[in-house]
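Structure below; questions to follow.
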Amino acid sequence: MSDMNWQPRIVAFFCSWCTYTAADLAGVSRFRYAPNVRIIRLMCSGRIDPQFVLCALADGADGVLIGGCHPGDCHYAEGNFKTFRRYRMILRLLADMGVAGDRVRLEWISASEGERVKTVINEMVERIRALGPLDIPGRFAACDSEILESADAIRLPQCKETHDVVPEVVHG
Amino acid sequence: MSNDESIRTGFYVCHCGHNISDVVDCTAVARYASTLAGVMVSRDYKYMCSSPGQELIRQDILEHKLNRVVVASCSPLLHEHTFRNAVAAGGLNPFLFQMVNIREHDAWVHADRAAATAKAQALVSAAIRRVALHKPLQATRAPIHPDVLVVGGGIAGIHAALTLANAGKKVYLVERQPSIGGHMAQFDKTFPTLDCAACILTPKMSAVRSHKNIVLWTYSEVAKVDGYVGNYTVTVRRKARYVDENLCVGCQECIDACVFKVPKFPDPFNLGMSMQKPIYIPFPQAVPQAAVIDPDRCIQLKTGKCKKTCVEACADRKAINLNQKEQLLEIKVGSIITATGFKLFDAKRLPEYGYGRYPDVMTTIELERLVSSSGPTGGELRLRSGKPPTAVGFILCVGSRDMRTNRWCSRTCCMHSMKLAQIVRERTGAQVTVFYIDIRAPGKGYEEFYDRSLQQGVQFVRGRVAEVSDCALSPDEAGKLVIRVEDTLAGFVRRVPLDLVVLAVGMEPQADAQEMRRILNMSCSAEGWFLEKHPKMAPVSTFTDGVFIAGCCQGPKDIPDSIAQAGAAAAEALALIDAGGIDQEPNTAYIRGEECSGCKSCISLCPYAAISFDAEKQKAVINPALCKGCGTCVASCPSGSIGQNLFEDQEVFEEINGVLDYV
Amino acid sequence: MDKPKIGFYWCASCGGCEEAIVDLAEDILRITAAVDLVFWPVALDFKKEDVLAMPNGSMAAVFINGAVRTSEQEEMASLLRAKSQFVIAFGACAQLGGIPGLANQFSRDSILNYVYDGAPTVVNEKHVRPSVRCEDNNRTLTLPEFRSVVRTLEQIVHVDYFLPGCPPTPRLITSAIDALLTGKLPPPGSVLAPDVALCDQCPRKKSKPEQIRFAAFKRPHLTSMDSDLCFLAQGVVCMGPATRGGCEALCPAANMPCTGCFGPTSRVHDQGAKMLSSLSAAVDAKESDQVDAVLAGIPDPVGTFYRYALPASLLRFSANIGSAAVKETL
Amino acid sequence: MRYHYFPGCSLKGLGRAYDESLRPVMERLGVELAEIDDWNCCGATAYMSTDHCNACALGARNIAIAESSGPGDIVAPCNACYLALNKTRNCLAGDSATRAAVQKALAVAKLTYTGTAAVRHPLEVLVYDVGINVIKRNVVRPLKDLKIAPYYGCQLVRPHCSFDDQWNPTAMDRILTALGARVVDFPLKTRCCGGSLTGTAPEAGLRLTHIILGEAQRRGADLIATICPLCQFNLDSYHDQIARRWGPARIPAVYITQLMGMAFGLPTEQLGLKRNFLPADKLLAAT
């Protein structure tokens, strides 16, 4: 993707209690930051299924930002520690899958750190801008162009498709 | 559920006056939404949260047979409830609704109209995709335990406790010090009326002690809080006082009998300006009026080798119990009011003012004790040399409005200093100069109080004091403390010789505020003050339902404001109790029994022990009453067999896809 | 009435799936009596021309095993799709990409370089590489193209049913064929195995504690494993919780942990991500270096969590392969 | 303990006594000072306020030479050098444009600034690297009966002060106590000595010098201990003019290193004490 107009696309998963609230505070404080991050609210960073991170990347995100409460501050006791442990393993997985580690970033931001939301988002956008597009859908398409002629159907597993075909349980 | 044919979504984008529409092209967002799957109605409107805005939703639901609603406006933390109610008013289940935050997360943080509009559209797309999968849900109603815990026995805690107790509620008042009263008990008079602090405080302190609905636990701390709104289990640590406060009558005979013939330990109530014995009553009006023994200083408790003359003196009352142990008590309450107060700025952090080096540099609270009739000098103001002062200076904003220490205004020091200035003028006739940056006297009767200070001959010099030193450059400075200050009204540097310098130290969060915050699962502002849920609309609520804040733990404030907040917090707690129950967000996780393999991976991850293993069915089960909806188990279930209401996997996948829709 | 015509074919496969059919033992006689085997190159002499000659849709069902890596496999899959009413992806490789799918971590060039030069047993002084066409003595020799990545069968042709396993068990094969013969078919797209994870039928299930924390992960060849205790309770990675059941827990019964060949349940998009999530969340450490130290006990996350399902996972293949492909298309 | 040594111009001129006393004292304490090869003027405060970038380049050259000659921090005894070099480091750490320009200039001389060597004052090295106990152990002639006013000057603590309190520094107090001297409580520790105003606007500058001398006198000090060549010069050189205007305040000002040398029993002539305009008679007599 050599599009000169390319802008980083970043999906953020913020916990409702700390980081989402901090993003609200950033708004109330009118801190200006880059418009490239789209925030999805979850109750706790512990709800972040690694599938969400991979899905975001597979569906075209150039980066994923995870925000949770500082260690010791989790509204649900230790959800953020579980997130942290998953995150460490996700980084290793991504490294093996050719995705630069700093495309997925975990930050602890408390409800009072509105300014930190601004800083982290701006840093993240600049980092991703420096790394360039990840564009996994584009990579899929580029690879699959080799089979288009011979195959009668291309079916890619995408998180968006599956909800309309849920196979029923069959017992063997 | 997600059969597209049947989805009929109504979409509304709010201008929020100009707050959103100045940056986000709301009509473009509405036009875009109208092209998305399932959208039957798409509108933009000036104020969606207003009655006509809500009515619009209600009407459309009826007219267009909508079965899903999406509103793009402010943060769901602010108005989700409002719109859910509007949806319910239209006869729809309120959870068939999704809110999009395009104000705090978009219009207010971006300037580029095109980029902000594109972002709004992506967020809207996410919500419209997601809402199609929403299921009707039923909020569960949790009962509210009617008892209340008040943490902190300063004026705010006392007032909150009395208000609740007078309304017939049982209150536990927990105070860390051996007596309630807090900072106010140390004051001589209160501004702006100059009425005696003790005269208005002590009756309330006694009322706490005698109130049948109040359980008063002094010398105690909250150790642990479990549970949730309506149903908190609190562990209180009652430190060993070594005196049974129910048996002690406060006669002081034990104190007189103590083997220490003269008091030799600094008395914290008088800031070390007077001495006390290892067994003491914190101050004359203390409540409870009972002695306490300092285990670090009592010879018996330290070495076990004392004649125990105190025990002898107590004789038949048997109030002294040197074997008393710290106790952990567990109580159940439905709501908690936090009124843990503040600590004063340590003036030693600004060495240029010489506190701790020059004996006649003191803080406002020390001066307060010196002019108090119950203070170490019986109210007579004397320099350390014993002479009465002839020239007294007050330095304002010590540890406030200062980039090096604390940026905030402590709000009370101007008035507090002027009060002391008037008292000093009145008692000693000394020349009094107040060095200030701005005089902040915004309360009722406060400006008049400032005028009265001027009339009484208090001098005001506008300028931040550079230093206090004892080096004299002229004979009239000899033997004095000299203040160097740039007088910003006169436009030159002054040297002002004084014999007493008073530092108006500001307020800071308690040293262990962070610990308290964690125990109660609250948030703190960046400065460390407990964070209110909304600075205007919910000033005494916190992000944790059922936990309220009052007084200076939320930020610096004076006595009237602390009492007003305490009353408000008590009223909030009463409203909760009298409602009988509270609706809980139905975001609980649940296990689809037929899909669960019984691998038990989820069980150890639950912080609330809400997941158990059904040995008969060989499957895990979630107890919805214990589940708090964090979703950690959902994210971990290796076979995807745990769902979470409002945050189903598929709903989040749809959101991910939606936010990546670039128009 | 004619007996239904049935075919078997293999793509990138080890041959184990073919063995599985032989493993039907006496049942194979019952099946061959009920159907006409019209195409089975591994066992009987059929040629592509034979298939081309069949009318479209004339076969009742074709069972294709193996992942798809070459142009020939794509061609045969498409051809059989046209000739058959049902296409059944047979075994883990066809369903998920399988073991050959692990190649999706590496580029085509690096694979060929290793196989034709780098491997310690190879001597190839001229650094010869296979090419699609070559002229030799006025003859043209052709080879199928080696594609840039491994694909699942469904990524090439429409698949009606999936028969999981490495290989599928005789019991699952028999019941699948019986279902076809009787017409009692589940909804299209189904995986023909229970949609509950393996633990449900694992004989060691009862020995798994409710509170489980991992202070260390052990690898099967470096530890002596208790023959009755849940593997996870022993700190050995077992993919059972994230893997569809139906295999009769053959591996745990033979004292080996599950490696995940039956793939995820229908509720999961990415088997590896789910197992990663479950295991790492339960690591018994909080500090970064301690967490990393415990997780280091899983030295190869892709090989552990995606042993059979990499091409079917959300990321499918290494982004480095994608970059090369993107460059080529420019 | 090895450090790069940046003496600066003053220590080769008016402040020679500081250099002369610092070297044997540090040697006695096991501190090796390796003078930076071909060092140049630090730029002092004046250059920094007229041409920021060039001033940084001037300072950075010294730091770069030090960094290229091996590991270790830089010791800059003159308060003005200490400030100018630290300002250079702070600026180059935070301002990438200036840093790029400076690197470009240094590249001509085949030098690179890395910012790895910290610039430290001898006081910091003495108190934190050597340690008060080691100093105490080396005292053979305690300075008892001497009342000394510790005078730090302004540039040590403003605007940067990394190792001591900005308003009430105590490093020198602790050293003086270790030497056995009686430290006078001196509130003017960091007050301006008059700086270069004594030369350019004597009526303003000398007044400031006088305030310090006068206060030391009032507090009964026998000596003023300094750590800055300009302070020492101002406090030592204008006694007659000050006496004419405000009355005499003849308190000798000496370097802390001279006091240490005396206490350590080093030969008096090695310590440059004869260079004082107002001889430190009491010090010489006491030891």
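We just call them A, B, C and D in the order they show up, numbering each chain from 1.
Definition applied: a contact is a pair of C-beta atoms (placed from the backbone, for glycine too) under 8 Å apart; a residue touches a chain by one contact, two chains touch by 3 or more.
Please read all numbers here as calculations on a predicted model, not as lab measurements.
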item: Partner chains shared by chain A and chain C (touch criterion as defined above); value: B
item: B-D or A-B, whichever has more C-beta pairs in contact; value: A-B
item: Farthest-lying chain, centroid of Cα atoms versus that of chain D; value: C
item: Between chain D and chain B, distance of the C-alpha-averaged centres to the nearest whole Å; value: 49
item: Euclidean distance of C-alpha centroids - chain A vs chain B, Å; value: 34
item: Between chain D and chain C, distance of the C-alpha-averaged centres to the nearest whole Å; value: 76
item: For chain B paired with chain C, centre-to-centre distance based on mean C-alpha positions, whole Å; value: 58
item: Residues of chain A whose C-beta touches two or more other chains; value: 46, 49-51, 55, 82, 86, 159, 162, 169
item: In chain D, residues with contacts to at least two other chains; value: none
item: Per-residue multi-chain contacts in chain B, two or more chains; value: 594-595, 605, 632, 635-636, 649, 653
item: Chain contact topology (line, ring, star, complete or other); value: other
item: Contacting chain pairs - touch in the sense defined above; value: A-B, A-C, B-C, B-D
item: Residues of chain C defined as touching chain B within the complex; value: 195-200, 205, 208-213, 240-242, 244-245, 264-265, 267-269, 274-275, 277-278, 281-282
item: Chain A-touching residues of chain C, taken from the complex the two chains share; value: 71, 74-75, 77-78, 81-82, 105, 145, 147-149, 151, 154-158, 171-172, 175-176, 186-187, 189-196, 246, 266, 268-270, 272-274, 276-277, 279-281, 283, 285-286, 288, 291-292, 295, 298, 300-302, 305, 312-323, 325-326, 328-330
item: Interfacial residue positions of chain B with respect to chain A in the complex; value: 2, 75-78, 101, 103-106, 108-112, 115-116, 118-119, 122-123, 126, 133, 518, 521, 523-526, 531, 543-544, 587, 594-595, 605, 607, 628-632, 634-636, 644, 647, 649-650, 652-657, 659-660, 662
item: Of all residues in chain A, those that touch chain B in their complex; value: 9, 11, 16-18, 20-21, 23-24, 26-28, 30-33, 35, 38-44, 46-52, 55-56, 59-61, 72-73, 75-79, 82, 86, 110-113, 118, 159-160, 162-164, 169
item: Of chain B, residues touching chain D in the complex; value: 350-352, 354, 357, 467, 469-473
